[in-house]
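Order of writing sets the labels: A, B, C and D. Residues in every chain begin at 1.
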Amino acid sequence: MTAESTQLKKFTLNDLQKHSTRDDCWIVVHQKVWDITSFIDEHPGGPAVILKYAGKNATSLYDAVHAPDIITEELPKDKLMGLLEDVSPADGDIQAAPEPKPVLKSVPKPVEESVVEDDEIPPLSGILSCKDFEVAASKALTPKTWAFYSSAATDLVTHRLNKEVTRRIMLRPRILRNVSNVDMKTTILGNPVSAPFFISPAAMARLAHPDGELALSRASSNQGIIQTISSNASFPMRTIMGVAPPEYPFFFQLYVNSERKKTEEILKTARNLGVKAILVTVDAPVPGKREADERAAQEGTVRSAISGGESSKDKKGSGFGRLMAQYIDKSLNWDDLAWLRQMCGDMKIVLKGVQTADDVKIAAEYGCDAVVLSNHGGRSLDGSQPSILVLMEVRRRYPHLLEKLEVYVDGGFERGSDILKALALGAKAVGIGRPYMYSLVYGQEGAEHLTEILKDELETSMRLAGLSSLSEITPRLVNTRDVDHLVDTGEDSSIVRSKL
Amino acid sequence: MTAESTQLKKFTLNDLQKHSTRDDCWIVVHQKVWDITSFIDEHPGGPAVILKYAGKNATSLYDAVHAPDIITEELPKDKLMGLLEDVSPADGDIQAAPEPKPVLKSVPKPVEESVVEDDEIPPLSGILSCKDFEVAASKALTPKTWAFYSSAATDLVTHRLNKEVTRRIMLRPRILRNVSNVDMKTTILGNPVSAPFFISPAAMARLAHPDGELALSRASSNQGIIQTISSNASFPMRTIMGVAPPEYPFFFQLYVNSERKKTEEILKTARNLGVKAILVTVDAPVPGKREADERAAQEGTVRSAISGGESSKDKKGSGFGRLMAQYIDKSLNWDDLAWLRQMCGDMKIVLKGVQTADDVKIAAEYGCDAVVLSNHGGRSLDGSQPSILVLMEVRRRYPHLLEKLEVYVDGGFERGSDILKALALGAKAVGIGRPYMYSLVYGQEGAEHLTEILKDELETSMRLAGLSSLSEITPRLVNTRDVDHLVDTGEDSSIVRSKL
Amino acid sequence: MTAESTQLKKFTLNDLQKHSTRDDCWIVVHQKVWDITSFIDEHPGGPAVILKYAGKNATSLYDAVHAPDIITEELPKDKLMGLLEDVSPADGDIQAAPEPKPVLKSVPKPVEESVVEDDEIPPLSGILSCKDFEVAASKALTPKTWAFYSSAATDLVTHRLNKEVTRRIMLRPRILRNVSNVDMKTTILGNPVSAPFFISPAAMARLAHPDGELALSRASSNQGIIQTISSNASFPMRTIMGVAPPEYPFFFQLYVNSERKKTEEILKTARNLGVKAILVTVDAPVPGKREADERAAQEGTVRSAISGGESSKDKKGSGFGRLMAQYIDKSLNWDDLAWLRQMCGDMKIVLKGVQTADDVKIAAEYGCDAVVLSNHGGRSLDGSQPSILVLMEVRRRYPHLLEKLEVYVDGGFERGSDILKALALGAKAVGIGRPYMYSLVYGQEGAEHLTEILKDELETSMRLAGLSSLSEITPRLVNTRDVDHLVDTGEDSSIVRSKL
Amino acid sequence: MTAESTQLKKFTLNDLQKHSTRDDCWIVVHQKVWDITSFIDEHPGGPAVILKYAGKNATSLYDAVHAPDIITEELPKDKLMGLLEDVSPADGDIQAAPEPKPVLKSVPKPVEESVVEDDEIPPLSGILSCKDFEVAASKALTPKTWAFYSSAATDLVTHRLNKEVTRRIMLRPRILRNVSNVDMKTTILGNPVSAPFFISPAAMARLAHPDGELALSRASSNQGIIQTISSNASFPMRTIMGVAPPEYPFFFQLYVNSERKKTEEILKTARNLGVKAILVTVDAPVPGKREADERAAQEGTVRSAISGGESSKDKKGSGFGRLMAQYIDKSLNWDDLAWLRQMCGDMKIVLKGVQTADDVKIAAEYGCDAVVLSNHGGRSLDGSQPSILVLMEVRRRYPHLLEKLEVYVDGGFERGSDILKALALGAKAVGIGRPYMYSLVYGQEGAEHLTEILKDELETSMRLAGLSSLSEITPRLVNTRDVDHLVDTGEDSSIVRSKL
């Protein structure tokens, strides 16, 4: 019990019951008594659910749906009326039925035991690669969470192509170069980072671990890389950034809300918190059809602490991604960039989800600072070109753009050598998404271990390729001839090629 | 018992036995007593089978072979002599031995049960895609029906290529376009439809569900799409069209009969019923060799209510498709189009099964209104080019033809994004065949659900591609470079290319 | 007991024992008593094995190694001394230990039972395709015989490519052509045949069925196609040809013996018997390494009735193909064609196993009448080009050669549509090898059924392609673009193409 | 007991205990008593481990870590103080705990038993191919040893490509050439060999068989081929070369040590022993990430008798390859070749691990005598180009280099026909690595059998290709068109090709 709380007035459950109407509505969350009367109509989940708990202890229900700090963030201090008197925390607490279980269905083995059975989660010391994290997550996460993170659109064609095309690009290592020291430091939009990759945004990290985005924040700041906070994060932006050192750079991923005011609020918060760049997602005006996600039943409701997006079953299924995306503005278009620029102030603007060289060109014309060539990890339009191929398309058709703005890629990058290939083809950095979600099975420690693995693989790959710094990387490092024919040339290919 | 029936004379089984000779032959079907004396020699199944039941109740046998309304359609009203007196319907009914079982071997689960075991048919609410319908059908249909619908010619090469080549075409989604509203309405041969796809014809839908083509008719008219009635439908054309609203547009698929008179009769019926277009099947002068169909044993005999085509085992096997096709005219050729035009009157003529750009060109020269690029779902000549490739061939060699007549494709299209690719390459609409047969496991409701899935997938795909109407689709939407080299150029490729 | 045999003198086993020395050596085979004294030193298996049975009944041993008629063929009539008196045929018969079991390990089911379990051999009526015969053979043949016929060289690369490249060639069917009548008759080296395929040679058909090559001979002459008799046939040439109608055309496959005199003898026999063409095998100066064949243990010894080639285990393994090939002349070269021409008289000379367009050109220059583009069914040099690709190479580089000599292909052709593709690319006919061996599981009836299947498939494919006679086939029937890039151009490709 | 040993003084265990300090330290190994006082600080494993056994019998521990002869090699003769008195050899012997088991976990079956169960190791007579040796090794070797030899870097992409690209190259056999006699003799760097392949170096052959490199040495000298001794061999160079006839040619593989003096010592030894060539490994400044090797737990410590490299577990895992490589100099570069040339004297210098044509060119400019195009069997940088493709790159871009220096390849070559393909593309010889390690399951006899298999396959392949000597091999022997497009052209391909 902190000093602050001891100064607050104490109430009993009986006292509370006097404030149980729409015009006078108190609730208890974690022993704190709040007057939420003026907030009832603003509740993203609607007023009904609040009124059901008017004058009662709503802690369990709140915890099932919200991030811990959100009520403190959202309500003014003068609405904190006092504390419930010192009883068992659960006293009078109304249980949500059924209670969501958004955390691990199973926990990793203690480190000392090294033999891992097929259905056991290995200790972190046994994890050697992104793939190992994926296998561990498939065992540790609840079926619903696993389905949400691992799923991709319809037939998984783009999801597979993302990895496959990258793997078909060969490396051309040079020999007999002094590789005693390897430097993989770089900058991303002017922010110095320890390695040329960053954490791509993914919703609701608390599903994978109670610490959720906080674990990623601590891990990334320890490791010197940048985390992109999701619009649908489970913790408030301030809380996430609060666990990193002051001034540590963060990016924020933005879904524009149909109610633009809400987006303006969020951007104002971001600006005030010192967020360095806004990654506007442009590949998902509506969510893709992720069938595994639709099929996996979910219990209870999950709600983002930032966007307020919520998920529960409807007649199309239980698609987490689809349900949380309902607030997204389908009308967003190039003309809105002027408004966005105004709202962003000094924050850089990055378009995330660019899928053609044509749109990279337009992004440059509109003055965007960077683009992420991305297909949402194969989760939006199935059949769309793999990210690495779009990068090759930019290089072939508009190579000068690679100088004009920073170009990143994500989707299927899982090895240090994958990152190296992207850099050779002109990317400034690579986004890593699902692997970080999977690493959260082990919390912050897992995310740090993943970062070290990727750095170690990149360092080893650079040495074996004869490189001692990123600046030595050139397109001649790769042999792309197995996939060159797939690159769009900017013309209606089937017609044009018939002239040959 | 309707008003009509109460006015009819009543007979006993004893009465009937007095009319049991070739010169005076009555039978009972569904309690109605018919004098079929003058019809004996016209019976497509031959006189013997009728005489066997002269003066008897033939209801069970009739039901096993015929559609319910066919006797009413084919016999003049004055041959209805009266009713069998009110006894148990089965009384005196002669059982066909063995009785055919052309309907489901198993039925879907009630909707409320959501957990589906491996050998259970899921409730319709659990069906998310064409593939789901296929899996359900593989469980629900009798082995023979499943073999008939799912089989394709010999080694299934073309069957696989149909899907594979479409999947190898990549999409190039554009970003930041206002996709709040999506319009997928179009016209097919002048008939307005709610979406750019139609139901491809398939024989004997009653095998999949007792309502057969009637379910498709109700579903397609509810959903605003067009059904193509098969020459080998299990119900008469009039009955099928009768369950849709008056004037609702229908297409009719035609196998030309070696006895041309029979075809002329059918076309006359179609004309009178207001059929909008005749899809003449040109890819099956003989049926392909579908080995799974040949192997699956069939019980009893099945007969089309339109063509009169019948199926029963012979020494080559039990091939349903092969046996029902025996009446088809192998001599049909371009010169017959003049006769066909004459017979069709105002009905449009569409060639279904065009497999080369050369033949699209000839079809245009002969004044055909449209063509369906099709290989009969891989069921005719195995090894023939996939439909989407023929579409690309037309675009490359004779792009102007795409303006001159309407070009459709079918074969392996199962996703909204598949339809989108075909449209980008110049198709006006896409035919969906097997999935509708599979949807009939759930009757009309299944066919409507399938239509909604396809519309929903197409709408989502359009939004994700940055499209708000079909008119915005261009060839630049697709990257076909992975398959461009497969497109025929109109020359003897191996010789010509050696000059390079 | 025939009239002939009743006139012969009778002997007892005791009588025989008086003739049991090298200078006076009688043996009994199938009750006939032979004086083989003068033949002892000529025995291909060496004198020792004969002397072991001097004065004894050697029927069982003889049957295990030799074809039934061979002793009658090879010994003059005056060496038949008489008959063993009428006792049990096995009386005094010396058993070979262990007795070889070169026939079926299991027999097909009676036709009336149509349900086939996984480990049962289906009745012939259930066989729909080459593949079905292959499955049946894998169950019915002894493991050794199955290994011998089904095996191919080392990693089976060419064996797989043979089928795969043919399957990658697509067909371009034309529509609306009168295909009421289909004519697939043609000539092969001037001999009229009912269809454009022939039976490729394969050794020791008696391993698959007691009737061996006799069954093939009866089947092919009934069906109007040509059988190529193997140098390593299990019956003498005269016997094989004797079961077909007089003057029926046969081809003979020749391995040239290191002892040229033996080859001259064989060719003399062929000439006298009216063989139409000699297919000289040129792709196997030594046998390929067929590991499955080497691994499968063989019991006893097998010996060809024509070449005298014999097989038994040695230190490299039990390779049937390798062991029977030991007599082949590794020095055979182009200069030997003059000698061969002289020996062949009017018989046509066909080189079997040509694997490059360059060698087709040389063959034409040397005046060969035809070539078989073949890689010995993938059994010689693994990695060599598939036959269909060599055909494409000939077409591209020396199209005029297809007019100058007849070009056949074999290796992996299993469907009527496969044959159609070869014809479209310039082949005059296609050789079918393994499938005929597999069909022998069912004896003559099996070989006829296979022939009918292939004809039926070819006829159906022609109809579906819009063809009513072989003369209408053109290269435009096929789309080879998926494999065109694999065709050798006659230049050192990797160097030349770098100029592009 | 030899004459020598009987002249030595006898000690008891009690005597020894008087010499158990750092200043007076004796130990017993195989009954011999050594004074190792002056050697304590030079011990590569550090002084601690030695002092632990001061004054004791250390035979078991010594055997677990060292090759038998190493103590005799490394210590001067005057340090042999005498013999332990004649007691049980194990008397007083200190056991290492746990004792390493670096030899077979199972032994091959006696030759007479020919039926091999799935989990049994076949007798050598049943081994027909490299693949058979691999299967046998996977059963016979300890899991750790199997993991060490069979593993490759990260996703095994290059490991697979090595084999796959070679297999995709087709052969173009010529017919009717006299192939009675086949000559496959050649020279490698002037040394006459019986066939165009050599044994590639691999570490610690004693792991696979107690005779380790000695078995390879005896086998290769018997067979007339060259063994490349690994820097990390388990026996001293002198011992390995000592079991071959005097003057028999050997190559030595060199990892340059960060302590250059140590490398100079080793090269001096090599020079003195008459080693013919030094293969400097240039593709592994650091070891690749071999995850199977990291995962497989190892017991005890293993130490090379040449480099002194040692392996034991650390926090990254148990990677044998990684741990033994810690002494390698990451700074080695082209400028060091001058120093190396000086140290090598008359020994030829070969760069092993060249992976681009550009580096072959530089190697030629620096006067190297030969290069091995190699990617360390896919064990270094995963994704690097397969060796055969680099060979094609050299041929395309700098064909004259193939005349200027000798070019070898290794990585995935397992068949005589694989070797033939490499020779056709310009290689002088092919290195065989893993197969020789696997053959050691059967000791020297296994390595000889492998050599005979490869020779036999090459001879057969040459005959079937129409070749009677290596000099007849030309590029026209192969059809590389399936992989030609993969060959780097020396330009930034994706940019350049867009001009087409």
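Methods note: a residue touches a chain if its C-beta (ideal position, glycine included) is under 8 Å from a C-beta of that chain, and two chains touch if they have at least 3 such contacts.
Chain identities (UniProt): A, B, C, D = L-lactate dehydrogenase (cytochrome).
Everything numeric in this text was worked out from a predicted model, so none of it was measured.
Asker: Both subunit A and subunit B are touched by which chains?
Answerer: Both subunit A and subunit B are touched by no common chain, going by the contact rule given at the top.
Asker: Are the two sides of the subunit C and subunit D contact the same residues or different ones, given that same means over half of the numbers occur on both copies?
Answerer: different
Asker: Taking each chain's centre as the mean position of its Cα atoms, how many Å separate subunit B from subunit D?
Answerer: 67
Asker: Between subunit A and subunit D, what is the separation of their C-alpha centroids in Å?
Answerer: It comes to 47 Å between the two C-alpha centres.
Asker: Two-or-more-chain contact residues of subunit C, please, as numbers and ranges.
Answerer: 485, 487
Asker: Report the complete set of touching chain pairs.
Answerer: According to the stated criterion, the contacting chain pairs are A-B, A-D, B-C, C-D.
Asker: Under the stated contact criterion, what part of subunit B meets subunit A in this complex?
Answerer: Touching subunit A from subunit B are residues 114, 125-126, 128-129, 167, 169-180, 392, 395-397, 399, 415, 417, 421, 425, 456-457, 460-461, 463-465, 475-476, 479-482, 484-485, 487, 489.
Asker: For the complex, give me every residue of subunit B touching subunit C.
Answerer: That would be residues 154-155, 157, 161, 282-286, 288-289, 291, 294-295, 297, 315-317, 330-334, 336-337, 351, 353-356, 358-359, 380-385, 389, 485-488, 492-495, 497-498 of subunit B.
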